[in-house]
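There are two complexes below, and they share chain A, which is joined by chain B in the first and by chain C in the second.
Take a look at the complex of A and B:
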């Protein structure tokens, strides 16, 4: 009798834990949707300017989220453009060309890098910009380029890990088929192994995009500002969605600003969640279409 | 080895070298930029002193205490929750519950931290203020709830993986000797996955220590020794974000690099520990 009690208690505890997590998620999403949904309109993005003017006419937007959206987009594009080649190359090297002790040491290195807090990465980016300011040109300071570089450091371990484990997961029979038909290892890598692990790599890159879009601590230290307009060059300060949300929650000047903050939170949440959903779907989907390409 | 293969190898190796130089150069930058402070203060002064920049005292003990307190408390909340969720996902619940729960937990890993903080500011802070009459409501407790919620999904997924790695013969043996699912989970699965569980906890601790936005938005940021969970306090990460605006020549500015060093050392120790535990777990199961 006593034993049955005890087991029921464990089971109830597990369900309570599940309930706690679900209600936490519902609270976050529910609050963002309830407060943000009424404000997600073209006016939220473009303020008083018409969408066409802002998109094609180059009209500046002062009371909308458009510059922050564009800033975040540039930031993500820049960071991923930097992280993808380096991360892919490193992942391939770790999976295919390194053995034994060296591989172990390198893996630990990237584990450490993956654990470095984003504020420390931001601090590093900031000190790099100080260095550039002193050594290269006093006009340089925290800017879009430095922020993208720092975000690259933040997401590099994700790309490396995704590439490495996707390549290592290629089954042995696939690995040796092309070799036995006379392909050399480089051909095997380019035409068999990489296409075969395409899904894993793509899902890693999508997770990297999501991580870049949401991170606030790094850009907080590397050049984000409240009003900058749409960035005109890589060496300008910029606006970004996550920073705008942080800014609104600490010091909003008007109810309109608060409403824009709620809208921004909903947009960012939506973007991140859908990126993660797509990443998981890509990884899970069956059939290696990339294998039969070309 | 063909010429092309050698070339490919060289290019990839060079890229790997660049990538591997990054963690080292971060540490070197922190040390170099914190140096002005080390020439006038001893390391123990800095690590155990109080933060009174106007009196020329740049100790970071209050911030370290707040960081550790917050991280350990949120780990203490998140651990049983994650264990329960991972248990449900492992098979204590019917698939009708398991599959959506797993999806939800996966999606939750993508919730931006700044949104957790944002919701906390508008929902949790007023609630804490009214319930406990705690000043502005920005205190360790307000940061603790979203922080533990933030580390729960990754911890749950990590635990699920550790459970899934328990060898099947052990599970079958337990079932064959008459254990029901709950007994099997508590007495067989958890003990044999203990190394994986420990590694997951250590990694989550690193994440909790390293989080900036939740603490910055919700913990109140008063730079004094925390004496309870209803006190406004400042974590190391929030300290870095707050002091960055100071004068670049000042010692105050140099002191944030000491914070950066402490954070770096804490999280890399966590990563190393987790790696060793995982290596041990692999040897054990393989």
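Take a look at the complex of A and C:
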């Protein structure tokens, strides 16, 4: 009798918590859609230029969000392209090759790194760009490359720890199968361990994608500007959606400008969702390929 | 503790002398000496935790993969010390194959499951040769007729018994001399079990087989020699029919009469 009560109470509590979280998320998204949807127009994206001209004609867009959309894509792609190989390799090292004390220390270190506030990472990136400016070339400064590099530092711990724990989660009997056939540790990794832990590894990368798309503090200090146009090289400053939203909502001069901010928020949401969709599709396709390739 | 019975075999395939295994401080195998004859099925029985799997893993150095595990003593395969630092464990594991308790095909096609070993050992130069190895191995494992039309299907889609035969075929594909089986039927139903036992009979012609089993009936059905382990000691070893009819050591007798286990 008493146990039944307890069980019901715990169940209700869990349901309530889940409901609360979901409804919170729905409310936020709903709010963004309601405020932003009416303002998401070609004009918001491309300003005075026609969409065709901007997309295919190379016409510069000055008063639209298109450069910020492109900048965000570049930023995410760049940061993940930097973080993925390094993070995977480090995760593999931690899970498969490092032992004992060193492994413990490194694991704690990456957990701490995951907790470093992004503004600190941004400051670090800023110092790097100052250093480049002084030591390498005065033409260098905050730019897309430095921002992507700093974001890489921000997301590296997620990728590393996700890779590590996915690999460590491979059951012992799976782990020794290929070894018993004479595979060496590298063959075992390539053939068994990585395909088996692919989902977990990909989740780490997904998390990294999301984090890169939304982070503002890092790029604020490492190269984002209000108007730059579509970046032409890695060494150019760039525009990005989260910064635009931050900028507009703190500095708006008219209600119309604030509305553009809501439109931008909705576009950022769309960009994030499409990045996630791409990442999911890749994860499915590659996961299947890794497991069943002939 | 000295082992009762005849540990020697004429013209042995493998010899083990004064083998000790430690997991950290735990002494899991205590001074075990035994020969494994050619073309014989050696059954290892004993209560759970007595070290059967541990001893089996010594025979293809799978204990190397366990952190903190230490093996001492001498084990030879065809006269060659398998713990010799110069020995290539990759080759050793091709010569001494292993089948595990739970069927564990790779989550890949049936074909790839079999082809993996030959590929890493470079046993086939052409696709045709590889096809042939796959077919022969599946035939030897008695699985060919059941799967020949769906070699590209995932191995994990087969029934438990078929999966275990697939794993046996996978081990056979690298042409081992010895096949180690660790309770290969404990996850299977009686019909699938009977099929595997039949297979063991057939394989005995070409391979030396060491099988761990918790079923004394199974040991009696498939093996010619039986070794009884207890708390890390090899208590008694001898011809299977003799062990089950006239055990010499009181612990063996207690075990086979079901007084403990």
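Just so it is clear, the second predicted complex is superposed on the first by the 240 of 294 C-alpha atoms of A that agree within 3 Å, B and C clash if a C-alpha of one lies under 4 Å from a C-alpha of the other, contacts with A are read in each partner's own complex, and residues count from 1 in each chain.
As a convention for this text, a residue touches a chain if its C-beta (ideal position, glycine included) is under 8 Å from a C-beta of that chain, and two chains touch if they have at least 3 such contacts.
As the structure is a prediction and not an experimental result, all values here were calculated from the model.
Chemist: For A:282, is the partner it touches chain B (first), chain C (second), both, or none of the two (neither)?
Modeler: neither
Chemist: Looking at A:111, would you say it contacts chain B, chain C, both, or neither? Reply first, second, both or neither.
Modeler: The answer is first: A:111 touches chain B but not chain C.
Chemist: For A:184, select first, second, both or neither according to whether it touches chain B, chain C, the two together, or no partner.
Modeler: It touches chain B and chain C both.
Chemist: In the overlay, answer first, second, both or neither for which of chain B and chain C A:176 touches.
Modeler: The second partner, chain C, only.
Chemist: Could you tell me if A:192 is touching chain B, chain C, both of them or neither one (first, second, both, neither)?
Modeler: second
Chemist: Quick check on the superposed pair: does A:202 touch chain B, chain C, both, or neither? Answer first, second, both or neither.
Modeler: After superposition on chain A, A:202 lies in contact with neither partner.
Chemist: After the superposition on A, what does A:40 contact: first (chain B), second (chain C), both or neither?
Modeler: A:40: touches no partner chain.
Chemist: Just checking: does A:234 make contact with chain B only, chain C only, both, or neither of them? Give me first, second, both or neither.
Modeler: After superposing on A, A:234 lies clear of both chain B and chain C.
Chemist: Where on chain A do the contacts with chain B and the contacts with chain C coincide?
Modeler: Residues 184, which sit in both footprints.
Chemist: Which bits of chain A are touching chain C when the two form their complex?
Modeler: Of all residues in chain A, those touching chain C are 99, 173-184, 187, 191-192, 195-196, 291-294.
Chemist: Which residues, counting only chain B, touch chain A once they are in their complex?
Modeler: Against chain A, chain B makes touches at 2, 4-5, 8-9, 11-13, 15-16, 18-20, 22-23, 25-26, 29-30, 33, 80-85, 87-88, 92-93, 97, 101, 103-119, 121-123, 149, 152-153, 156, 180, 182-183, 185-186, 203, 206, 209-213, 216-217, 237, 240-241, 244, 248, 256-257, 260, 263-264, 267-268, 270-272, 274-275.
Chemist: Please give the residue numbers of chain A that touch chain B in the complex, ascending.
Modeler: Where chain A meets chain B, its residues are 7, 10-11, 13-18, 20-22, 24-25, 27-28, 31-32, 35, 85-87, 89-90, 92-94, 97-98, 106-121, 123-124, 126-128, 130, 153, 156, 160, 184-186, 189, 210, 213-214, 216-217, 220-221, 242, 245-246, 248-250, 261, 265, 268-269, 272-273, 275-277, 280.
Chemist: Which stretch or stretches of chain C touch chain A in the complex?
Modeler: My answer: residues 60, 62, 65, 67, 89-94, 97-98, 100-102, 104, 106-109, 111-112, 116-117, 120-121, 152, 154, 170-171, 174.
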